[in-house]
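Each of the two complexes below includes chain A, the first together with chain B, the second together with chain C.
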Partner chain A sequence: MAVNAPSRLAPTALAPTLSFGSGLLRGLALLATLICAAPALAVIGLALRPEANATTIGAALLRDGAIGTLALMLTGGGAAIAFGAVAAWLVSLCAFPGRGLFTWMLVLPMAAPSFVLAYAYSGMTWGGAAPVPVAGFWGAAFVYAIGLYPYVYLAARAAFMSQSACALEAARTLGAKAGDVFWRVGLPLARPGIAAGGALALMEIAADYGAAQHFGLTTLSTAIFRAWYAHASPHLALQISAALLIAALFFLTIERRARGRAAFAGGSTRWRSLPRYDLNPAARWAASLFCLALVALGALLPLGWLARLAVLHGNISDLARPFANSVLLAGAGALIALALASIVAAAARKGGALGQASLLAAGAGYAAPGAVIAMGALAVFGFAREAGFVGGLGAGLALTALLWTYAARFAAAGVQPIDAGLSRLSKGVDASARVLGASVWRRLLRIDLPIAAPSLVASALILFVEILKELPATLILRPFDFDTLAVQAYAYASDERLLEAAAPSLMIFVAGLAPILVLSSGIARARAGAR
Partner chain B sequence: MSEVTLSHVARSYDGAPVLNEISLTAPDGQVLALLGPSGSGKSTILRLVAGLEPVDAGEIRFGAELVSAPGRTIAAEARRVGLVFQDYALFPHMHAAANVAFGLDALPRAERKEAALRWLDRVGLWHRAHAFPHELSGGEQQRVALARALAPKPRAVLLDEPFSGLDPVLRAELREVTLAALHEERATALFVTHDAEEALQVADRLAILKAGRVLQEAAPREAYDKPASLDAAAALGPINVFQGRVENGAVETPFGAVMAPGLAQGASAHAVVRAEALALRPGSRAKLLGLRPHGAHDLARIEAQGAVWHALIAPRSSLGETVDVEIQPAGAFSFPV
Partner chain C sequence: MQLRDVRNSWESQPLPYLLNRRGFALGGSAATLAACAPSERLYVNVYSARHYDADRTLYAAFEEATGVAVRVLPANAEQLLERLRAEGEATEADLVVAADAGNLWRMQDANLLAPVTSAALSAGVPQRLHDPAGHWWGFTKRARIIVYRKDAVAPDEIASMDNLTQPRFSGQVVARSSTNTYNLSLLASRIERLGADNAWDWAAGVRANFARDPQGSDTDQIKAVAAGLAQVAIANHYYVLRMARSDDNAERESAAKVGIVFPDQAGAGAHTNISGAGVAAHAKRPERALQLLEYLVSDDAQRLLAPLNDEFPIRPEIEAAPELAALGAFREEDVALDALGRRQGEAAAIYEEVGWR
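And now, the complex of A and B:
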């Protein structure tokens, strides 16, 4: 049945642009997959290598780290999930004073990495003493709870907003009160969203190094550093990294599955403004107070206190170099990560095994804590050195390893905004441009890029700030005497010089606010019926 | 414009066939309507003709030129076809005139602009030339999409459920505009729809599809009057079906006999009667269960010997509780089971 008449086809009219375009994309996707996956694979591979002088210290460190991380997840993570879910329910479906303001202010704590919050609270004194001591295990749990609830809040709010207004209205007409509807309709429908956000918060806790180290806790993240520096055992550090990586991938799987289900939980696609409950006066004020407490403890108070300390003790000349280094690293890292993210997003939209693989690799990189990826990058460079490809880890090579780590670690954070931009390109738009005679490059320049431009900018901004906030990988891989703001803050805090740590911490916090606000307004706009 | 021919075309996704042995012709300058439920493969046919996907088997020709065959696909951008989608697919960052001008880049800038404006004028949107897609109503967007598709003088125009997103009044109006423009341009068009009435109205030729196969290809009148199968008959309007045996060249139904030419005596057969081929008048043969307005007609539910049929009859008919039923031969068919 196959009818071939190749002689009648003008060779120039075949599909050269199409096959060239997708062949190039395939090659790039493969490269992106390797770049993202190599550090994680190296960690697992090396951890499995038998080690002659395995010690009981190693087993104890691994066990204590796992217990510490788990305990912080249960306490700090559990509280973050509860705070985020309740706050999302309140602003999405209840009417109370300040609701509109809280809707976006509740995401502000996301701007600060946990170590910045930890330094802010540790430095808080009144009349020479801390008003409420934030220290030790409970200090860390507190910092995680008030710093990470926005992950749950954002996911849960999106879930509440995408819920069919009809289902909630039906529940109301059946006589259910606000609380009833929350427990019986809202919460079950939003559970996948809450699970997804919760998994992200728990991943952050597992990955955190700065806050846990500051509070003197043994977690998997701090154990990696301890194994390496205190016990001088890179192999033990790699083994702990592997354990942490497996934990992170576990939570990543939960997040993906939950999000997948959330996509189907929408119900009606016809948006209407959601019915808002009028609370009784006492409940109304309680709701306002609850949201205010979260915003104040997570953002306003630490931000204000850091600003005060920075004004009193900041030394601008000390910060000039770290600031320049941070901007340089974050700028270069963001561009590389953006390119990687664009390739992954484009490959994923094209579908197929390679697209899925690149998405998975990028996701694994994002889930893996910075210290783990850095260990992996070091291991890969170790291989290269053994094989004689490179010499010692000089400044240039260290920077390369660091940029690679940033790219592998954060590419996934850029994929989603880019994908959102690309999703504005319906299949029809691309097909229309093609049948109107546009070549692959003309489509890229005239159609794809202009449409995706806002998402690319947003993506670059997010990546820039994520890298600016990064601490553990930078700590491991930075060239000698090459400090960033995060490293500087860490170094001061380690020396108990919390007053001096305030200025770099504040700069990180303020820079972190920018993408948070962009992200937040984007989510509000995403829902047509939202005011 | 040129004739578009598909011969023995097949296409599958991940091993699951979506098109099988498709042979169709859109005659030069005429509209071929592709009618079928979702999943019947009609949109896939458009994608193959547009060159957005390769064929797995068979071939597609524009006039004498082979454009698709296994392993050989002339790229969409080199085919010169126009595409109109249900969701308009306008370029969201370009105003209406720029959208229309996009396919005219072979022309000098001034001419390009003039041609785009002329096309917008033809679809009645000259005054909206600088409006962006999100500032246009659904109907306006679809007019821009039509102008954009026709402006580069394509060899064939492919319309994929172009009016599905619009309300009935706008739909009828836009159908007129579209048909007028297609005829004026003497455009060869493939028009995909799942709406039987729309298909009958727009088509010069009509192809009825189901599950990736062509059930019938014919002129619209012929498809309606001489359906090739039960499914083909059902595709063009409400029908009543009765399964019985052929006796003396006819199938006896509870409401009367349906001729069964060419079927063997005693063979099992489906008698199919279009709802509008039943005439009711006061009598006693069947019970009238209910009567409801149905557009220009009334829809009657009638019952005899336990069988319930639907009849589309003249509105405001005065009928008692029981009626006599006459089956009009022009709308009654028999098919072997």
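And now, the complex of A and C:
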């Protein structure tokens, strides 16, 4: 492997600093790949194991599930990508009433799990009728669109914020209107960011069980559970999971290749405030209305409804322990997943087979439903137990397995922000420090880490929120008497006590609120000279 | 015994030490929080697929009476089964609790439950409501019933589950997904009583009368009927009672618009199912698991549970909650509940074929 070959993607990035530890990095990358891939590999391995009672039901479930998932990706996922990209463009480069407020409020829906949105919208009544009629296929597409656009918004906003003012101003000087600049300059330049955020949103849709099940849809994810629960065939479930994993790997590879061929020159590196377009009055209000609709539908309306239910039932005070458990688990899980994501991002920047493999391993974890990755982790545990390496799933081992599953499942969500941060490291600064006699570690601590720190924080915050919302792996792998907010919300919701489920659902959102606001303000400050 | 237990409970909680050694500061504090289980007290471990607050009350009363603390791991039945399977002999679970005989049968079928019998269990649980070999024992009962909108349907129009297939209800029936175990058991018992062809025709007939594709929970079906989306729904009996006393005005209004019918009173009787429990095959504290199981079917526990959860006590002698008693006595379908498990695969295949997803 050509370890020192500069990456095609960013020829000026990082190579000098990290070359000191290329052996170390390679070892870590291998470890990270194994950690991320083990549950997915266990799933694929178990699926390939022959089993006597193979049925024809499997083929029908797989076909219908694939059609359902693709349809939801095209509608809900497509809308999420469009909403996220347009919203990011508006708040980054246009002036309109409420822009400052929307800049951070647009991230809010990220804290609400899809299943919570689905429950909230289905139960919502106003004067005996549903204010937003949400049901069936279009209901699910709606929930995905308004719940997942922040993934695209965050990535696209970071991309727009780091764009060269020169390219945009050159376009304006040449007489392009706001819309033209968006379509012909801004959008193409931000494409990698939008693609990365879009990929996260699409993988969320592929992995989502709660909302799709609630709306009675056949997707790959619900087909997995139908095989497992209704047909009592974990083996068939694993086979469908394996198909989902392989499809995800296929798409991830295509996406990497498509992105790898395009080169995006950074343009000027002298930062200036981005020029902001003055829209005409109608467009100004339309922009405000658009952002308001996203925030209201994605966060204010469903959470207001949950808050009303929670007040009606008044059980918020019982939630101190689950709240603490959730925050501690999400905190510990985010740190471990962050370490993995950093290694994967660094290895991917170096390129080579190992870098690609670690990216794919992380991506596979993210695209599979949490319960499937948890089943894979359980299987690995089962092997280890039969081989005599470990005993029962006591509290220690259960939490270890759970944190590992979180890391394997979510590392991919942390890679993108770190990758964006690493691209800011400049070879020139590093070379200067080297000429001045700074050691490898000194350069790492004084130059690289401070530059990459905001990205690491951003990544950790995203991971924290993801783990906070996670349900199935927590449900199956946690120790005795250890409930989290998501588990409590599930327990009540599965018992059809939505009133009681409202308070823990709301608390998931509250716990995720602070990190999301920090995250949002971090992006706003990421551009030197930003107001 | 006492000594062994103390050591066991310590061994199951090695986490603070383990994580501190590895230097995970945050993980360490999480573990301290996790290690809330008693290390001095006696305890019994329960894997439970029931999430009712009422069960916690029951466990607290058990601890009060016996000094044995109940540690619970609630999750859904299928996931608990996979965990038990992966844990094998090393499992920490002593008693396994699940709603629906079908789920209990699956655990038994995977050799994860031990057969146990005792005089108290045999006296406490009617024969039909436990596994003949004692792998699982019911401790509460629920009926699957028909809910109708009072201003659209007369109760005698839905005297039987068979009526839901009539043209009279074309486009007027709602039911939840057949992935749900309640619906699987409902069809499994029909297969057991009347054969697969009859069950196929019934499922296809109901499917043809659906007002919409199955979605949401039993409660959502009841709300759909109240809102005028359909006239009749299939649901478990306790959901309507619960909605009638909801803190939410809208739910109370919905409940007021609907009535319930125990179907097939002139025929085979209404489909009833249980919540039950069995001792884990590799329980480390089997005596205490049995002790808890016997407590669950005891008069004390049955009287405590009856008013809390709108379920029927497992024995007719125990008086049901007033709202339940007000519904009157009803005739139950006479099907041995282990058949619900045995027939579940067939039921799932039939639902798949007729397109009731």
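Note that in this section the second predicted complex is superposed on the first by the 326 of 531 C-alpha atoms of A that agree within 3 Å, B and C clash if a C-alpha of one lies under 4 Å from a C-alpha of the other, contacts with A are read in each partner's own complex, and residues count from 1 in each chain.
FYI, a residue touches a chain if its C-beta (ideal position, glycine included) is under 8 Å from a C-beta of that chain, and two chains touch if they have at least 3 such contacts.
Here the structure is a predicted model, which means the values were calculated and not measured.
**Q** Thinking of the overlay built on chain A, is A:436 touched by chain B (first), by chain C (second), by both, or by neither?
**A** first
**Q** Which partner chains sit in contact with A:328 here, chain B, chain C, both or neither? Use first/second/both/neither.
**A** The answer is second: A:328 touches chain C but not chain B.
**Q** Return first, second, both or neither, reflecting whether A:280 touches chain B, chain C, both chains, or no partner chain.
**A** A:280 contacts neither chain B nor chain C.
**Q** Counting only touches as set out at the top, which of chain B and chain C does A:214 meet: first, second, both, neither?
**A** Only chain C; A:214 stays clear of chain B.
**Q** With the two structures laid over each other on chain A, which partner does A:317 touch: chain B (first), chain C (second), both, or neither?
**A** neither
**Q** Considering only touches as defined above, state whether A:57 meets chain B (first), chain C (second), both or neither.
**A** Second partner only, chain C.
**Q** Under the stated touch criterion, name the partner, chain B or chain C, that contacts more residues in chain A.
**A** Comparing touch counts on chain A for chain B and chain C gives C.
**Q** Please report the chain A residues shared by its interface with chain B and its interface with chain C.
**A** none
**Q** If we count contacts the way the header does, which residues on chain B are in touch with chain A in the complex?
**A** So the residues of chain B in touch with chain A come to 7-8, 10, 47, 50-52, 57-59, 65-66, 69-83, 85, 87-93, 102-103, 105, 145, 148-149, 152, 154.
**Q** Under the definition above, what is the set of chain A residues touching chain B in their complex?
**A** Listed in rising order, the residues of chain A that touch chain B are 1-6, 8-9, 13-18, 424, 426-429, 431-439, 446-447, 450-451.
**Q** Under the definition above, what is the set of chain A residues touching chain C in their complex?
**A** Against chain C, the touching part of chain A is residues 55, 57, 60, 122, 125, 128, 135-136, 213-218, 222, 225-226, 228-232, 234, 309, 312-313, 321, 324-325, 328-329, 331-332, 335, 371, 374-375, 378-379, 381-382, 385-386, 391-396, 399-400, 403, 472, 475-483, 487, 491-492, 494-499.
**Q** Per the contact definition, I'd like the list of chain C residues that touch chain A in the complex.
**A** 11-15, 18-19, 24, 26-27, 29-31, 33-37, 45, 51-52, 71-76, 78-80, 82-83, 85-88, 90-92, 106, 177-179, 181, 184, 212-220, 227, 239, 242, 246-248, 250-251, 253, 344-345, 348-349, 351-352, 357
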